[in-house]
Amino acid sequence: MSQKELDEVVISRAILAEQNSVMMDYLDLECAVVGAGPAGLTAAAYLAEAGIKTGVIEKKLSIGGGMWGGGMMFPRIVVQEEARPILDKFDITYKEYQENYYVASSVEAVSHLTAAACDAGAEFFNVTMVEDVVIKSDGRVSGLVINWTAVEMAHLHIDPLTLRTKYTIDATGHDATVAHQVKNKGGDLPIAGEGFMWADRAEANIFGHTKEVFPGLIVAGMAANAVAGETRMGPIFGGMLLSGRRAAEIVKNNLQ
Amino acid sequence: MSQKELDEVVISRAILAEQNSVMMDYLDLECAVVGAGPAGLTAAAYLAEAGIKTGVIEKKLSIGGGMWGGGMMFPRIVVQEEARPILDKFDITYKEYQENYYVASSVEAVSHLTAAACDAGAEFFNVTMVEDVVIKSDGRVSGLVINWTAVEMAHLHIDPLTLRTKYTIDATGHDATVAHQVKNKGGDLPIAGEGFMWADRAEANIFGHTKEVFPGLIVAGMAANAVAGETRMGPIFGGMLLSGRRAAEIVKNNLQ
Amino acid sequence: MSQKELDEVVISRAILAEQNSVMMDYLDLECAVVGAGPAGLTAAAYLAEAGIKTGVIEKKLSIGGGMWGGGMMFPRIVVQEEARPILDKFDITYKEYQENYYVASSVEAVSHLTAAACDAGAEFFNVTMVEDVVIKSDGRVSGLVINWTAVEMAHLHIDPLTLRTKYTIDATGHDATVAHQVKNKGGDLPIAGEGFMWADRAEANIFGHTKEVFPGLIVAGMAANAVAGETRMGPIFGGMLLSGRRAAEIVKNNLQ
Amino acid sequence: MSQKELDEVVISRAILAEQNSVMMDYLDLECAVVGAGPAGLTAAAYLAEAGIKTGVIEKKLSIGGGMWGGGMMFPRIVVQEEARPILDKFDITYKEYQENYYVASSVEAVSHLTAAACDAGAEFFNVTMVEDVVIKSDGRVSGLVINWTAVEMAHLHIDPLTLRTKYTIDATGHDATVAHQVKNKGGDLPIAGEGFMWADRAEANIFGHTKEVFPGLIVAGMAANAVAGETRMGPIFGGMLLSGRRAAEIVKNNLQ
Amino acid sequence: MSQKELDEVVISRAILAEQNSVMMDYLDLECAVVGAGPAGLTAAAYLAEAGIKTGVIEKKLSIGGGMWGGGMMFPRIVVQEEARPILDKFDITYKEYQENYYVASSVEAVSHLTAAACDAGAEFFNVTMVEDVVIKSDGRVSGLVINWTAVEMAHLHIDPLTLRTKYTIDATGHDATVAHQVKNKGGDLPIAGEGFMWADRAEANIFGHTKEVFPGLIVAGMAANAVAGETRMGPIFGGMLLSGRRAAEIVKNNLQ
Amino acid sequence: MSQKELDEVVISRAILAEQNSVMMDYLDLECAVVGAGPAGLTAAAYLAEAGIKTGVIEKKLSIGGGMWGGGMMFPRIVVQEEARPILDKFDITYKEYQENYYVASSVEAVSHLTAAACDAGAEFFNVTMVEDVVIKSDGRVSGLVINWTAVEMAHLHIDPLTLRTKYTIDATGHDATVAHQVKNKGGDLPIAGEGFMWADRAEANIFGHTKEVFPGLIVAGMAANAVAGETRMGPIFGGMLLSGRRAAEIVKNNLQ
Amino acid sequence: MSQKELDEVVISRAILAEQNSVMMDYLDLECAVVGAGPAGLTAAAYLAEAGIKTGVIEKKLSIGGGMWGGGMMFPRIVVQEEARPILDKFDITYKEYQENYYVASSVEAVSHLTAAACDAGAEFFNVTMVEDVVIKSDGRVSGLVINWTAVEMAHLHIDPLTLRTKYTIDATGHDATVAHQVKNKGGDLPIAGEGFMWADRAEANIFGHTKEVFPGLIVAGMAANAVAGETRMGPIFGGMLLSGRRAAEIVKNNLQ
Amino acid sequence: MSQKELDEVVISRAILAEQNSVMMDYLDLECAVVGAGPAGLTAAAYLAEAGIKTGVIEKKLSIGGGMWGGGMMFPRIVVQEEARPILDKFDITYKEYQENYYVASSVEAVSHLTAAACDAGAEFFNVTMVEDVVIKSDGRVSGLVINWTAVEMAHLHIDPLTLRTKYTIDATGHDATVAHQVKNKGGDLPIAGEGFMWADRAEANIFGHTKEVFPGLIVAGMAANAVAGETRMGPIFGGMLLSGRRAAEIVKNNLQ
């Protein structure tokens, strides 16, 4: 194998220059999606596909959230009939276990959703956490205060940076992190907390719970159910995908 | 949103039944790829594409290995000219930083490589670690001793299970985990260890170091360079992709 | 010693196939016993003996709960006159220390109780924790949300699975884990918490506190006293055994 | 439920008096079994059945060693034809998976083996670790230096106590703890370390490796294979049971 | 150096027999002192001197509490005029820094106080913690629920034992452990918590705060001030010694 | 209780002034005793009694070393006939268990030894560790490099201070810390390491092993046996006390 | 390089003597500044410059607080027009990014502020924490209770010392440590807690929030905003510097 | 206080833009100084003063290394006669303790050295660690492999970046980190390790040990002594400063 000579410093500069350019640009977003699990990835894919400038902020180093492990580390997920079109759209294969129950590989599902969001043009900021929100005199969530997750993991005390965004989708799972940040500092955003397990009800209602719960802040996926006090759903993912798509639609409509 | 009623127990059974069926089947492999970083994913994609029964074993919950973080948490990677065809094959977009230096998003790269391996038919076993190898009277690595990574993380003492494989690709990075397991218990497999950083040399030689280093065991990616005592490369990924493809070719040739 | 050849993959498949078959079946129970300490084991033994389909869920790897260590690591337990018939039933030997105080080996007691529950036909799910309960429109605890304990110990975020059960016995000790899960999410189940140490009163009243405290949920052993606000008992185990037997009777009666 | 009044201090004294009496007596043993896994429990059951004064020392709080978790947390074990009589002797039920492969519940197996050792008269010292051995001018392992495991877990510096024993069986698994203590302080006891996984060979040879490897010290179970440099076996337990029985026979013969 | 032969087992039995005899006896006390800091040691010395059967329970392995480190690790303490007689009584030497301020070595002070309590006949139970109290129908603290501290440090779940006592002195410092145990389970014992630092006031008032705050329970030293909501005192120890002596007097008077 | 007004700042200055004066003085010693367990305390008591300027350096906050816990947390120690005079000298009471075996309370023993060393005039530096030794052109251990133990426990990087000493007694137990520091940096001081348990031999030989093993460095107690490769002794303390006295004699003779 | 002979003990004594002299003196202050971040350092520099006896207490080993890391570990800070004179005063260089936004190196800023405070005559006590405050009958914060931070990090229980001060500036960042200590023990000092991010408002109002919030206690920097319930500011430091200067002015005025 | 409106996104962009520009530039250095303790800071100040493009890489968040804590947390350092000119040059004040021993504040010393290096034009990269070195066919250390320290502290696996440098000064203290990286991967660089404490000798010889020990790599400060096997020095800093100045001179001479 022959090749042109490679210089480590050029490699380093290529990375720094490209990422700096992206970060400078993406400090001003149309929509920030917080949390890169199934709902967040679906939302990001639909948003970016619609030409909306979208940044996805994920506290972990890897993208995919709680989906990698399937149920009890058996890496399979289940999706019901209604959400099958989303699997089809993202080329995720599945098997019918019995009527209305389709089983997919969790690894395949994560990678296809992530790839779709990338391909549509969403930009990812991983190892990055949202520490706080910006709320000014208009009373809207109009920015996010971000920092490296590694800074927190290392117990270092280092100031954050801030990005501006027209809309934020909280897709952080049952922690509903952004919603809690708004609530904990006095925002008028009641959070009821997730209820008992009852998958059928949870799946039926998640669509309705996906909405703007505070000016500028939409909740999606399990965060939507947690805010609404809805029941738990477990390793059934149809509602998550539908909720992600719904959140994207709300933002699209609002931006028009 | 209306839907058919969902039953949690059917969801649970769908997951258990499907994964049990996969596990029962995949305890007997043609090729086991250990480590789901760039080299391992590339190898798995080419192997599965060739119709070889391939299982990928990854100790972490997420797939992608050390690629997610780019360089110093700036999520970009660099690839040189020679490996550009592999980016093209897997639909990974890139920008030219200067001649011979192409920059891609690390998140996009991971997700496309993973999706490609899934689509080609490779099966993934995540949260799973290789504890040991099977070597019998024929002196070959003919199986892998596996366990849940969570068992080790929780400091529990629980017996492993075992899978049979015709070939194993050690794509575990500079730890070269499987190679070390062979060496530590007395196998004739000298491991020189990774050298100083010298990306140009490392990239030039990795192709040659990708080979069967012990009967049944091929090394790929940084594991290949670590076994050979080759220099380090840093966040340049062309050699990794080419090494993964080469490892797949070696296994394909051997299986014919 | 000569023998037929043993194949590691057949061994692995035997384990997977058998346990998968058990798990598929036991996702639908007549009675789930949570916690495999003295009360839970006694309940399970009596339930299974009566032909009731019983699963025991224990968060630790080992079965036996807090009984192994006797008092202050001296592995002896004390049982009073009234519970002597249960020791006799389970072939647990004892010595009279003085009238009404019988001393047994804690190791022997645990192993005989566990063996009895196994022999009667109860099925054990160890290293498994109950994360949550299923409560639907009928307002009953009608299922349990379970996960590997190792997943929690390893700080991984992985979805649970769910089992269905007609009755649940909370035998988790003074934590009264299941009762607290019901309470914490808004179920009408007041929990007074364990009182001061007063063995005599605790033993006298535990029988009465063993009851259905929420539709579908029976409390037994120290969990019964913790819910009722009863006093502590220490290393005297007669009340625990009697409470376990009583809980089994309640379930048997309800199932008829 | 009425009862005679119970006094906490009498309960405490009953425990202290009984255990003190046992400890005073069992500081002088005919055989000490270190490690209460399958090999140690089997050995203890056969020894005690033969009327030999036997103490079992287990570092964990619970008895059973690595058997509780089956393979990869699926709580099933496999036993081959030759060891079936031992299962039968201890009333452990099993199913035939295919010829020569019998599957049992790991929970049932542990509890029956423990109960059998108790019933035969072995005495258990749990939460207790062997820190060192006694070797005097006769060059034999003639005693064990013991301490609470909790002392080590709490990082406290507290002196141990010592017991005398005619024979010691090291059944501590692949750590071969006692054998290593002898070796590390200069005893002539070469330890080859466990080899690669090869269940068939490991099972065939364990019987021969079960022997007195140093004056007064017999190795059994995985400790026997670890000392001999034999291969690994995984979740097949026939050899373990046969090795435990063999170790008991060696001690019995030597004591006559 | 010649000597008679020493037998490890006799040494071990001597320790076990002697301590068992002491423990059996001291499960029934006239006064339990919890916490072996300056106040507790002083109380114990005066109590035992008066012929009262006294047990001192200390959660740490070493005796002395917070006195070893003086102020900011400078191992000196200060005592004022009024408490000088107690220093003299216990043969603790001191230097006059200026009028009313006497400086002593913290190491000397701890060792003399401990020696005095031992010599007077108090019995020490170190590495032992009070988990709970016994309160029966008479509404008095009439016993203590004790366990090895090592059990808690090792995160083991093991039942405690119980001792009976006519009086208990809580000398556990500002944690006021026993008082909180009474309060937390519903005892009518308001605890105001320690105030700001104001040594002069704290020293002036501690004598008055040393009293029976719940039937059977006397508080002494910083625990007395913590219960009363008194101010902090820092490394001035006169009030601690006087409070310890006062607590002993109260118990003596009550027992007559 | 009335009293003169107390000022916190005067209290603080009294402590600082007194300890600074002691530290300034004790940076130049005749004998440094490292480790305040039984051997070190005995040595310090005899040295100071002889008018030798003695500093005791103890890494823990409390004084007493491994003696507090007796054997297996039963706080009793055993002493044989020959060392009885030392118990008598330090007013430590004991009971005869059988001929030649005298049992004492570990708490009483520690406090009396510490008090004796204080009373004789030894100065204690607790929470202080020896990081290194001073060896100059004369090849002697002529100083110790000391630091707060808290600095190491807090993982801080802070420079030490240094004291000068004519002789150093390493009484740090089987770690033989100072001896290892000399050895690890190239000093000619072979350390054989402690042997198996054999109390009788260990006690017989410790006297002879107590000697100057490197210019300026005497070993005492378990450190003496560890350097010499002698056997272990367990909770028999006669040899420790005799070794401490012997070390003091060696220093006294050398200083004359 | 030739030199006069250096003696380690003289070096040690020089350090001890000098620091003891400083500590003895600085136990009585005119102003204590707690927290050595940008606001505290600025305050200390102005105070000392005015001839006020000032001690700075910093819990970390290093001085500089949260300023070292700039924003997200990019070591740059931003200062606006109004605070430019303070940069100029302390010789901190900067670049204009755009009108009203000046960028400086965080390392340069910290070192110049620290040097300025030193040069003006402030004395630093690092690795030192404030545990509590002194409040006597006059109801003022008139002293601070201090201890080594290493003592807390090492989980040791050691008494503090106390210093007297006429004024205290709480410059501990959003923790507002001293203010919380006053509040938590009952002082009338309401703390609203920091609001959402809104740099413009935070910077505009910090000057007004810098004031005496409790007799003797002034808050500065983020502590001022935290007490007032003001919004967050992020890595803009003008307000911090202005607040520090303002706090110094308040103290100066009060002391006249 | 009135001000122009501040925008969080402009603040963030100012930081990103400025630091990116610095990093892009400083990936190509004339001299890299690794470790920002006294020797490294002195070297950096002299190098930058001479117009050499100098980057300082420090693994901690704060600058100053081991100097902050003085000796045993007493924040004072000692400097001898010969190094007094360097104190004078950097405006660090001191007091004469006795002839040839000058005491300075450690906080003042650190801040002045850091400020001097900044003012001279050195650029600081804190929270940054050197993982490895670049050595190519010319056999020189010609680059450094760097990463965020937070990445390692958070146990994340993320690739580093690389910088080019003509010379590297290893001023990492006795760890001599860069020298060890060269040695551990096979570079011909023997490291003798630090000797016993002997300040006088250490200070006399450090000047001579400050030299180019491997092509491109100069050692300074304690790293120089550690490589040479020289003795320790403790909290005397003259040699450190002189060594730092000497290292700068060597690099200056080589670059001409």
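Letters A, B, C, D, E, F, G and H name the chains as they come in the text, with residue numbers starting at 1 for each one.
Simple rule for what comes next: a contact is a pair of C-beta atoms (placed from the backbone, for glycine too) under 8 Å apart; a residue touches a chain by one contact, two chains touch by 3 or more.
These are the chains along with the protein names UniProt gives them: A, B, C, D, E, F, G, H = Thiamine thiazole synthase.
All values reported here derive from a predicted model rather than from experimental measurement.
For the pairs C-E and G-H, the count of C-beta pairs in contact is higher at G-H. For D-F, the equivalent interface among the listed pairs F-H, G-H or C-D is F-H, as over half of the contact pairs agree by residue number. Each chain gets a centre from the mean of its Cα atoms; for subunit A and subunit C, those two points are 40 Å apart.
With centres set at the average Cα position, the gap from subunit A to subunit H is 43 Å. Work out the mean CA point of subunit A and of subunit F, and you get 61 Å between them. Within subunit E, residues 8, 11-13, 15-17, 61, 68-73, 127, 134, 143, 148, 150-151, 156-158, 161-162, 197, 199-200, 234-235 each touch two or more of the remaining chains. Inter-chain contacts, as defined above, occur between A-B, A-C, A-G, A-H, B-C, B-D, B-H, C-D, C-E, D-E, D-F, E-F, E-G, F-G, F-H, G-H.
Remark: subunit B residues 65-66, 68-73, 193-201, 232, 234-235 touch subunit H in the complex.
Listed in rising order, the residues of subunit E touching subunit F in the complex are 1-8, 10-19, 60-64, 68-78, 80-82, 91, 95, 97-101, 103, 105, 107-108, 110-112, 114-115, 118-119, 123-127, 148, 150, 197, 199-200, 203-204, 207-208, 234-236, 238, 242.
Contacts from subunit C toward subunit B in the complex involve residues 8-9, 11-13, 15-17, 20, 23-24, 27-28, 61, 127, 134, 143, 148-151, 153-158, 161-164.
Those residues of subunit D lying in contact with subunit F across their complex are 132-136, 143, 145-148, 151, 156-162, 185-187.
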